[in-house]
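The following blocks contain the structures, represented as structure tokens.
You will see two complexes here that share chain A, one where it goes with chain B and one where it goes with chain C.
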Partner chain A sequence: MKEPFHLEKTEKEIILLEKLNELSELHFNACEAYSKMIKKSEQEIIAKSIIDVPFLPVQLFKSMELKSIPDEEVVKVLTSSGTSGQTVSKIYLDKNTAISQTKALVSLMKPVLGEKRLPMIILDTKSVLKNRKSFSARGAGIIGFSNFGRKHFYALNDDMTLDYDGLKKFMDEFGHQKILMFGFTFMIWKYVFKKLKEQRIKLDFNNAILIHGGGWKKLSDEAIDSLSFNQQIKEQLGISEIHNYYGMVEQVGSIFIECKEGYLHSPSYADVIIRDPISFENVRNGVLGLIQVVSELPRSYPGHSLLTEDLGTIIGEDNCKCGWKGKYFTVLGRIPKAEIRGCSDTFQEGE
Partner chain B sequence: MKLKEIFKEVLELDETVNIEELEYNTIPQWDSIGHMSLIAELEDVFDIMLDTDDVLDMSSFSKAKEILGKYDVVF
Partner chain C sequence: MNIFWPKNELTFEENIDVLSKQSINEPFAQETLEFIKALSKRFLTQKKKPEIVALGYWLRKSNIVAMKQHFYEGNTGILIKPRGTTFHIAPSNVDTIFVYSWLLSMLAGNRNVIRVSSKAAKNNLLKIILEELKCNEKIGSQTIICTYPHDGKATELISNKCHTRVVWGGNQTVNVIRSIPLSPLANELVFANRFSIAVLNSKIIEQLDNESFENLIDRFYNDSYWFNQMACSSPRLVIWVGEKSVEFWNRIELKVKQKQFEFDGATQVTKLATSLMLANDQDVKKIDSKPIFSRIELLSMNEKLRESHCGNGIFYEYETNSLNSVTHLISDADQTLTYYGFNEEELQKFAKNIESRGIDRIVPVGQALDFNSVWDGQEFLTSFTRKVVIK
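Moving on to the complex of A and B:
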């Protein structure tokens, strides 16, 4: 997993397909619920191309306990965020899957962050890590990205106010060098950006690289997209480099990171497929549809091929101006279920 | 030996744990969060900066000795 953005289409199709087929077979043999579903839907376990690999709807992890390992091998349970009262996804990890997730993330971030671990500001509160046996999506993200940082500083107090004094101290010590900032999109927007704007405080983090993810659904009232988010954050916090990423707790480690052109990229060990929300047929580039994600990482649970509830568009493959290979795409967000019908022919984006 | 003391203190190990044989994720205290604290302490005490790959490779006590050896520290 040394070069995450160098594989071209034909080569990737062969290498990734073989790994996905191996995983389908593994889960078919190790997870009873998975094998029942595959048998019932009469799908082929060994697919002839990546688009034919059987997929599960991601919501299934909310209603079922899906795992391909015995209970005693579970080392960590990840849960999706979800507002209170909502059922959450449960993802069971064993030692090997947890390790390969971390390693994949490292290989992916190296082209962006380099080899050296950077002084790191986490735009969140430390209390999200309270329960060590079970991490929320936020906790899992923070821990995963913490490997790229050192001298970790949590910028939010437990009551979600900004720790100005701590920030100032941190910047006095490390402000002259490159630093890493990490946080969840809606947390940054609500508890950092808006507070600073209200109080008319502008910061100067011009040595910082900000990585943020977690989706836009909690910001739907704000009608904000990736481009204007980046712009406004740059303006208020003085950050020079910002990368959004798309990823989910059901496939931790395989994330899709925004390149300097503003597009999300699929790395060599994962891919995206866009499907028509009604027929589930694979649609051509430029057409909006439901995002399916495949990844070679999930071994302890059958999550290597998942149909999400997110809508997105593939812009192109192997020819992004940024130089990274692989499919590049945009995510529009999550459209309420009632509105899914018909949206595929209303929205289009350039090819 | 300094390194053993650091492991013992950061991971809150009791006397029954054989530190020489200790591996990552085999006890509740040495999980991803414990690992982060361990790395931070090692960097502070030995005044070094570990590379990302070394942070991830440090999957056992003996591996820790091997990796720290590369950084010319005495432990």
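Moving on to the complex of A and C:
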């Protein structure tokens, strides 16, 4: 896989468009449900520009089984997180898509982590990895990022308490060198940061690079944004290099990583488009709207062009101060759910 | 348990006991009429809430008088008495509906226990009602308004004490409430999920002058967009007798823009997702998903399509040569048929020829959301009273 942040706009668009068109055609021929959706809505399968590539709302993966491979080629089924009782997305991967996902992640992390595998602390419990064939988003994330580390240490016990002894032992051994920390934003906040703060324990992970993702939904309830998160984590854990990432289980390979300027970047094999939430028209840079993600990786299911339910803004393209090329953007969070009116069920309300 | 009315120190059980001992009224009693008059006056001032104004208008004197006349017609010489206590379970989202069923039961002379949704506490409607209850001692003593979680024992308790139970809500609510035993002498009215249809005569519509066309568009807009197409009676399927009219949809599009209808992002995404998902239904021929509405061209109609509809401006469309050749499309759950361009005879014939349980209301386009004291095929005042035979 090529360098992820080197392609400039004109070149990237040509290459990516060709791949996306090829994928639309592939899924059109291999996935009956996809072909019906395109055909009956009379959309062009071959687009003239990236914004014209047909897109599917991500929630379709919750209500439908969408795949472009026969059952026997499925090697992994990814499921979205989502609280109990909610329906989850199901994403079917074959061997090739799974491999290209891993490769993409490797190329993507190289600019951040360098070539060498680092001693790694996972700010989660080992028990999320129990079922090897069906992964939750958390499990898939951990497995994916584990490739960048060695001597993996899971910092949370099964009851979500911090394993201080283990952590101390790990730091005695590796604390003098560069280490990698990985976890989910909310888990880190709730089970690591808050616990340490309560107990007034300050740690010194001066040599660590923290990678975290998974969304800000729960944290925005506590009015914590990316900036205050970074500040407080630095204060309590002593970590100075923190990279948030944005991605979703529904689109493999679309991992958008935060640069040192604090912006998420789209790599060469994926892109973001912002659309007006009402008309779905493409909007100018700087305007807040619904995030559409496109990626050249999903071959086993029609997820190469997806309309998310997240709101974001493109800040610019190819000219971020950090030096990485491509569009750079920020994510505000999930689009607010409207209160539905109608004679529908009195039972839906949770009182 | 949160008791909005009455405001006292008693427990819920004690309040139910006190209520049960209150005397009932005669149908259309003077005190009831006064209470309704006062309420109507207050509702009519709620200009920002058209559904509350509509409720106030429905409660106007002439309408109540007409209802009273109709009630006693054909019942001369028969003694009609209220049943006793009516238990109303209101839906969470159409805020005004519980008021209709409560007031009809009150007009019949009953005591009333109303379980509103927890959200009701936030709106002006309940506030006005509580203020008016304070001013009418008799009606106040015959009323309990409360909210409580559905898993509680309260539904069981009231069901055991009441003489009529009214369940608004969807199929799920109806099924759950029906599993809770009702006092052996009680009767029950349930309002389950329904689906509604508009039938338009395209030949007549295409010949309309500008003014009449606009008038039709205005009324269709109100029927469809007022409750985000989520009311049971909002049209979701449009049957065209003749070819579907391009002009009609162009005008609807303009109307929605002109009215500055407020869409929100989350429902727009759901609308698009639902429309695309429908592509996999065998009866769907074509999808035209626009921001303002999504038109789904059908080859036929089925239950899955009825269930998948998510409101917010999705219109199923079906073309036919004559009204009579679509009676087979009507299924049990179909409730309201709004029409344009048909005469009474044609509609009568159509209604008679329907073989399923479907269609309880046939009204002109523009009246889909109007409440009627006969709803889903049942007459409230009849269900809220009993006839005493004296020979």
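By our rule, the second predicted complex is superposed on the first by the 338 of 351 C-alpha atoms of A that agree within 3 Å, B and C clash if a C-alpha of one lies under 4 Å from a C-alpha of the other, contacts with A are read in each partner's own complex, and residues count from 1 in each chain.
Criterion: a residue touches a chain if its C-beta (ideal position, glycine included) is under 8 Å from a C-beta of that chain, and two chains touch if they have at least 3 such contacts.
Predicted, not measured: the structure shown is a model, and the values here were computed from it.
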Which touches a greater number of chain A residues, chain B or chain C? C
Is A:115 contacted by the first partner chain B, the second partner chain C, both or neither? first
Who does A:307 touch here: chain B (first), chain C (second), both, or neither? second
Looking at A:37, would you say it contacts chain B, chain C, both, or neither? Reply first, second, both or neither. second
Complex contacts: residues of chain C adjacent to chain A: 89-94, 97, 117-119, 147-150, 168-173, 176, 191, 193-194, 227-228, 230-232, 263-270, 272-273, 275-277, 279-280, 284-289, 291, 311
For the complex, give me every residue of chain A touching chain B. 75-76, 95, 98-99, 102-103, 106, 110, 115-117, 129, 132-133, 143, 146-148, 150-152
The answer for chain B against chain A in the complex is residues 25, 28, 31-33, 36, 39-40, 43, 49-53, 55-56, 59
Complex contacts: residues of chain A adjacent to chain C: 33, 36-37, 39-42, 56-57, 59-60, 63-64, 277-280, 290, 307, 309, 311, 335-349, 351
